[in-house]
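Shared chain: subunit A. Partners: subunit B in the first complex, subunit C in the second.
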Partner chain A sequence: MRTYILRRLALFIPVLFGISLAVFILLHMIPGDAVDLMMGIEGNPELRQQLLKQYGMDYPWYAQYWNWISGVLRGDFGVSMRTGLPVLPEIVSRFKVTLMLTVYSSVISWIIAIPLGVVAAVKRNTWVDGGARVFALIWVSVPNFALGTMLLLVLSLVFQYYPPLEYTPFFASPLGNLGSLIWPSLVLGAIMAGSVMRMTRSALLENLQQDYIRTVRAKGATERVVIGRHALKNSLLPIVTIIGMQVGSLLGGTVVTEQIFSLPGLGLYTLTGINQRDYPVVQGSILFFAFIFVIINLIVDVIYSWIDPRISYR
Partner chain B sequence: MKQFFAELLRDKTGRVGLAGVLAVVVVAVFAPLIATHDPLEMSDFLRQAPGAGFLLGTDEFGRDVFSRLVYGARVSVYVGLVATGIGAIGGLALGLAAGYYGGVVDNVIMRLMDVLFAFPSILLALAIVAVLGPDLGNTIIAIGIVRIPVFTRTVRAEVLSVKAQEYITSVRSIGVKDGRVILRHVLPNVMAPFIVQTTLSLSSAILVEASLSFLGLGIQPPNPSWGSMLSESRRIMELAPWTAIAPTVAIILAILSFNLLGDGVRDILDPKLKNVE
Partner chain C sequence: MNTLLSVQGLSIGLATRGAKASIVDDASFEVGQGEVFGIVGESGCGKSVTAYAVAGLLASPPLSVESGSIMMGGVDLLSLPPSRMRSVRGKDIGMIFQEPMTALDPLYTIGEQIAESLEFHAKVGKREGIERAVAMLGKVGIPEPRRIAAEYPHRLSGGMLQRVVIAIAMINEPRLLIADEPTTALDVTIQAQILDLMNGLVRSNGMSMIMITHDLGVVAETCDRVAVFYGGHLVETAPVDRIFSDPLHPYTEGLRKSVASIGDRDGKLYAIPGSVPKAGSFGPGCRFQGRCARRMERCGREAPPVSIRPDGRSVRCWLYGEEA
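The block that comes next holds the complex of A and B.
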C-alpha cells in the first residue's frame, strides 16, 4: 500500500509538470496581453517596454516559464499583476472558501441521496421508487446556475430574504460561515444528489439479487441487517466512485456558483484572472486545481482498497 | 435501424426523450416561422408581463422573451451537435489509435487525456475560450475539445477487448493492412458504446454552452442564448421574474429530453449498462 501511494505520488510530477507547461503556453497564446489591458488606450511604446520589464515579460517564453516554475518549486507563485499581492497566500485563503463549499454540498447531497437511494431500491417499483427516480432524473438535468438563480429569485420574491454579501470565515464564526455558504451548498448538493441517488439505487438493487443475500435472509436476519450490514456495504464501491467524480466536478462547478452568490472562492479568483489576463493568478490557480484533482483521485483509490480488501495495490 | 427505432418507441423513457428532442430541433430549425417577433428588436414595452401581445413578456430592453427563447434553441441545438461531433470524431480517432497500436502511442495519448480529464469541463472550456476569444465558433471548439477524453476512453477500452478476439488475429495473419483492419473489423464492433456515448454527450455539451454563455463567455449579446438570457435577467428578475423563469424552464426541459433519449439509446444498444429494473 505504502509503495503504491508513493509511486502514485511520483507520477504526480510529470502530470503536474505537463499541466503547468500547457497552461503557460495556452495563456501566452492569448492575443492581447495584460500589459495592453493595463495601458488602455493611452499607452506608448516606452511605457509598454517598462511594464514588460517590470513583469519579466521581456524574455522569450521559455525563460519566463523557467522563472515561474522555479519560483513555484520554491513555493513562490509570483505576484498578481493587478493587485500586486502574492498569489499563493491568496489561492490558499480562497481555496478555504471553495473547500468549505465543497464539504457542505457533499454532506448535503449524501444526506439526501443515500437514504433516498436505499428506500427506492427497497421499495422497488412502488410509487416511492417511481417518485425518487423521477426526482433524480430531473435533478441531474438542472444546471447549477439555473437552480442558483431560481433559488435567489424565490428567496427574494417569496421570503424577502437576501443572502449575505459578506463572506464569514469558519473560524471567525462557524454559524456565520454556514449562513454565507448554506444557499450555494444547497444548490450544489441538490444537483450532486441526483446522480449519487441513482448510483445508490442501482448498486443496491444489483447486490440484493446476489446469492449471498438469499443466504443471509435464509439465516433469518432482519431486513435491516440484510440491507445495512450486507447489501449496502457491498454497494459502497460504485457509490464512492461516483462521489469521487462528483467532488472533482463540484470543485469546477463552484466557478459558476461562486459567481452567482459572489463568494470569494478559488473559482471566482480564476475566472477574474482569466478575464483580466492576470497570468500569475491563472497559472497558479489552475495548477493548484490540478493538484487537488490528482490528490482526490488518489484518495478515492485508497478508499477503494479500504472498503474492499479484495482490491490491493502493489 | 428500423428495429432500433421500434425498440426506442416501445420504451417509455426513449419515447418521451425522443419527443422532447424532436420538439427542440423543430423549434430550432423553424425558428423564424415560430417566433412572433424579431428577437433583437427593442420595443417601447419594457419588462411587460406575459400576455396577448408578448406570450412570455418582454425583457429590460423590451425584446420579446418568447422569440428570444425560440432563437436560443438554435444556439443550443447547433452547439450541442457540432461540439459533440468534434469531440466524438476526435475521440474516436485517438481511441482507435491508442487501443489498436498500444505501446508508446497508447501511453502518449492516454497521459494527454488524463491531463485533459483532470480538469472540470467548465474550467477547461473557460480557459480555451479565454485563449481563442469569446464567440460562438470558439465556444464550440472549446466544448468539443473538452469532450474528447470521454470518447477516447470509451473507444479505447472497447478496442482493447475487440483486439483480443481471435477473428482480429486471423485477419491480421492473412496479411490485411492495419488501416483496413481498423476500419473494416475493429470500428464496426466499437460503434455501439460509441453511439451511446455520443447521445449522452449531447446534453453535457448543451449544459456547458449554457454555463459559458451564463458567464458571458459564450455567444455574445445581443444574440440570444438561454444561458445569456438567464444571466441578463438577474439584474431585473425581481421586477420581471418571467425573464428568468422562461430560459430556466427551457434549459431544464431540453437537457432532460436529451438525457432521457440518451438513457433510452443506452438501454437498447448497451443492455449491460442498464440499471437493474
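The block that comes next holds the complex of A and C.
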C-alpha cells in the first residue's frame, strides 16, 4: 500500500507538468494579453514595449514558460500583474476559505443525503420515497445562484438577518467562521445532497437484491443489520466516487456562490485573473486546482481499497 | 417417526400488475424428525418458493402466502410476528443456497460472517464467535480453518464457499436445514463431496433436511422421502425407493424415464413432451393434462383431488381419484 501511494505521488510529476504546459499554451493562445487590457484603446507602441519588458513578455513563449515553471519549482509562483502581490500566499489564504466551505457543505450534504437515500430505498415506491425523490430532483435542478439569492432574500426580508460580509477565519473564531460560511454551505450542501441521495438510494436498492442479503436474512438478522452493516457498506463505492468528484470540484472554488455571499475564495480569484489575463494568477490557481484534484483522486482510490478487500493495489 | 414440520394447504400467490398468479396451490407435506425430505420439480414449479415460505424469506411483495399453515414444534410459523420469526430463522431453521459465489458478503471475512450467525441468537463475544467459527470450518472439512476464517470470500473457490455457507447454516445446530439446490452451481466432482458432507452432518446431528433439487440423482443419493411438484401443485409424495420403482403420477413416471443411465447405449433419451405453462395460465382441470400420456376426458374438466393411498403415499391424479 505504501509503495502504491509513493508510486502514485511520483506520477503526479508528469501529470502536473503536462497540465502546467497545457494551461500556459492555452492561456497565451487567447487573443489579447494583459498589456493590451491595461493600455485600453490608446495604442502607444513605446509604452507597450516597456510594459512587455517589465512583465517578461518580450521573450518567446517557451522562454516565458521556463521562467515561470522554474520559479514554481522553487516555490515562487510569481506576482500578480495587476496587484503586484505574490500569487502563492494569495492562493493559500483563499484556499483556506474554500476548504472550510467545502468541509461544511460536504458534511451538510451527507447528513441530509445518506439517511434520506436509505429511507427512500427501504420504503421504495411509497409516498416517503416519492417525497425524497422529488426533494432530490429539486435540489439537483435549482441553479445555485437562484438558491443562494433566494436564501439571502428570505433571510433579510423575512427574518431581518443579514449574513456577515466580513469573512472570519476558523482559527480566529471557529463560531464566527461557521457564521460566515453556514449560508453558502447550506446552498452548496443542498445541491450536493440531491445527487448523493439518488446514488445512495439506487446503490442500496441494487445491493438489497443481491444473494448475500438473503444469506444475512437467513441468519436471522434484523433489518437494521441487513441495511446498516451489509447493504449500505456495499453501496459505499459509488457514493464515495460521487462525493470525491463533488469535493474535488468544490475545492477548485465556486465562483457564483462566492460572489453572492462575498467570500474571498479561490473561484473569484481565478475568474478575475482570467478576465484580466493575469497570467501568473491563472496559471498558478489552475496548477493548484489540478494538484488538489489528483490528491482527491488518490484519496478516493485509497478509500476504495479500505472499504473493499477485493480492491488491492500493489 | 415424530413430525418436525407440517405444512398444510399452503398457497402462495404472486402479485403482478392487477392480477394475482398462484405460484403454489394447496400444498401439504410433513417432514419427520431426522428425515431428509426431497422436493423435486422443474424450474418455476414452486419448489424453492415453498421452502422460502417455510423460512419466512418470501420476497414480499410480490410473493405472499395466501392460505395454509406451517407448523414447526407446535407453533404456526406463519402466525409469528417478524421479530419472533427472526429468532427462528438461523436458529431453528438453517438455509443453504444455490449460488455459493454470491451468497456471502464480499466485504467481511469468512470468520466474521459465520460468527454473525451466532451473534444474532446468543450473547457471544467477538473473539469467542471467531473461535467457534474456526471450529465449525474444521467440521465442514475446510483445511487450515484459522487461516481461511481470516480470508475474504473472493479468495475461495465455489466448493469451499459452499462449505462456508453450510457452516453458517449449521453453527446454531438448527432442527431443520433447508438446502435450495446446494450443488447445482458446483462442479460435478465437488457435488458429491458437498452432498456427502451435508448428509453426514445432518444424520450425525439428528437434524431434518429439506433438499430442493431438480436432480433425481441427488434425490436418490440423499433423501428418505420425496415430494414432486408440477406447476405449483404437489403431485406426489412417496418414499424415495418407491418414486423410482413404482411412480404413481404420470409426471413422476415421465421424470424417472428422463434420467439417462450409463447402461443405456442405444435409443433416444426420453423427454416429457411440451413445456411447463406459465404460472397463472393454467385452465380448469389437471395442470399436467396438456403433457400427460394418460389423459382422460375428466382431466380437462376438474382438477384432481389429493388422494392418500393405503401405504401413506399421496398423489394428485384422477387415475387414483376414485380411491380417495
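Keep in mind that, in the parts below, the second predicted complex is superposed on the first by the 307 of 314 C-alpha atoms of A that agree within 3 Å, B and C clash if a C-alpha of one lies under 4 Å from a C-alpha of the other, contacts with A are read in each partner's own complex, and residues count from 1 in each chain.
Convention: a contact is a pair of C-beta atoms (placed from the backbone, for glycine too) under 8 Å apart; a residue touches a chain by one contact, two chains touch by 3 or more.
Being a predicted model, the structure only gives us computed values, none of them experimental.
S.K.: Look at where subunit B and subunit C land on subunit A after superposing the complexes, then choose clash or fit.
M.R.: fit
S.K.: For A:I299, select first, second, both or neither according to whether it touches subunit B, subunit C, the two together, or no partner.
M.R.: After superposition on chain A, A:I299 lies in contact with neither partner.
S.K.: Per the overlay, which chain contacts more subunit A residues, subunit B or subunit C?
M.R.: Result: the larger residue contact count on subunit A belongs to B.
S.K.: Which partner does A:V107 contact after superposing on A: first (subunit B), second (subunit C), both, neither?
M.R.: neither
S.K.: Once both structures sit on chain A, report the angle subunit B, subunit A, subunit C from C-alpha centres, rounded to the nearest 10 degrees.
M.R.: 80
S.K.: Touching A:G18, do we find subunit B (first), subunit C (second), both, or neither?
M.R.: Touch status of A:G18: first partner only.
S.K.: In the superposed arrangement, which partner chain does A:L85 touch: subunit B (first), subunit C (second), both, or neither?
M.R.: Neither partner.
S.K.: Report for A:I307: first if it touches subunit B alone, second if subunit C alone, otherwise both or neither.
M.R.: second
S.K.: Answer with first, second, both or neither: which of subunit B and subunit C does A:A63 touch in the superposed model?
M.R.: Once the two structures are laid over each other on A, A:A63 reaches no partner at all.
S.K.: If you've got the overlay open, could you tell me the nearest Cα approach between subunit B and subunit C in whole angstrom?
M.R.: 13
S.K.: Looking at subunit A, which of its residues have contacts with both subunit B and subunit C?
M.R.: In subunit A, nothing is touched by subunit B and also by subunit C.
S.K.: For a test of understanding, state which residues of subunit A touch subunit B in their complex under the given definition.
M.R.: Its residues touching subunit B are 14-15, 18-19, 22-23, 26-27, 29-31, 137-138, 140-143, 145-146, 149-150, 152-153, 156-157, 198, 201-202, 205-206, 209, 248-249, 251-253, 255-256, 259-260, 267, 270-271, 274-275, 282, 286, 289-290, 293-294, 297.
S.K.: Looking at the complex, which residues from subunit B come into contact with subunit A?
M.R.: 111-112, 114-115, 118-123, 126-128, 130-131, 133, 203, 207, 210-211, 214-215, 227, 230-231, 233-234, 237-238, 241, 244-245, 247-248, 251-252, 255-256, 259-260, 275-276
S.K.: Going by the contact rule at the top, pick out the subunit C residues touching subunit A in the complex.
M.R.: Against subunit A, subunit C makes touches at 55, 57, 86-91, 94-95, 97, 99, 102-108, 113, 116-117, 120-121, 152, 154, 165, 168-169.
S.K.: For the complex, give me every residue of subunit A touching subunit C.
M.R.: Residue positions touching the partner: 210-212, 214-222, 225, 230, 233-234, 307-310.
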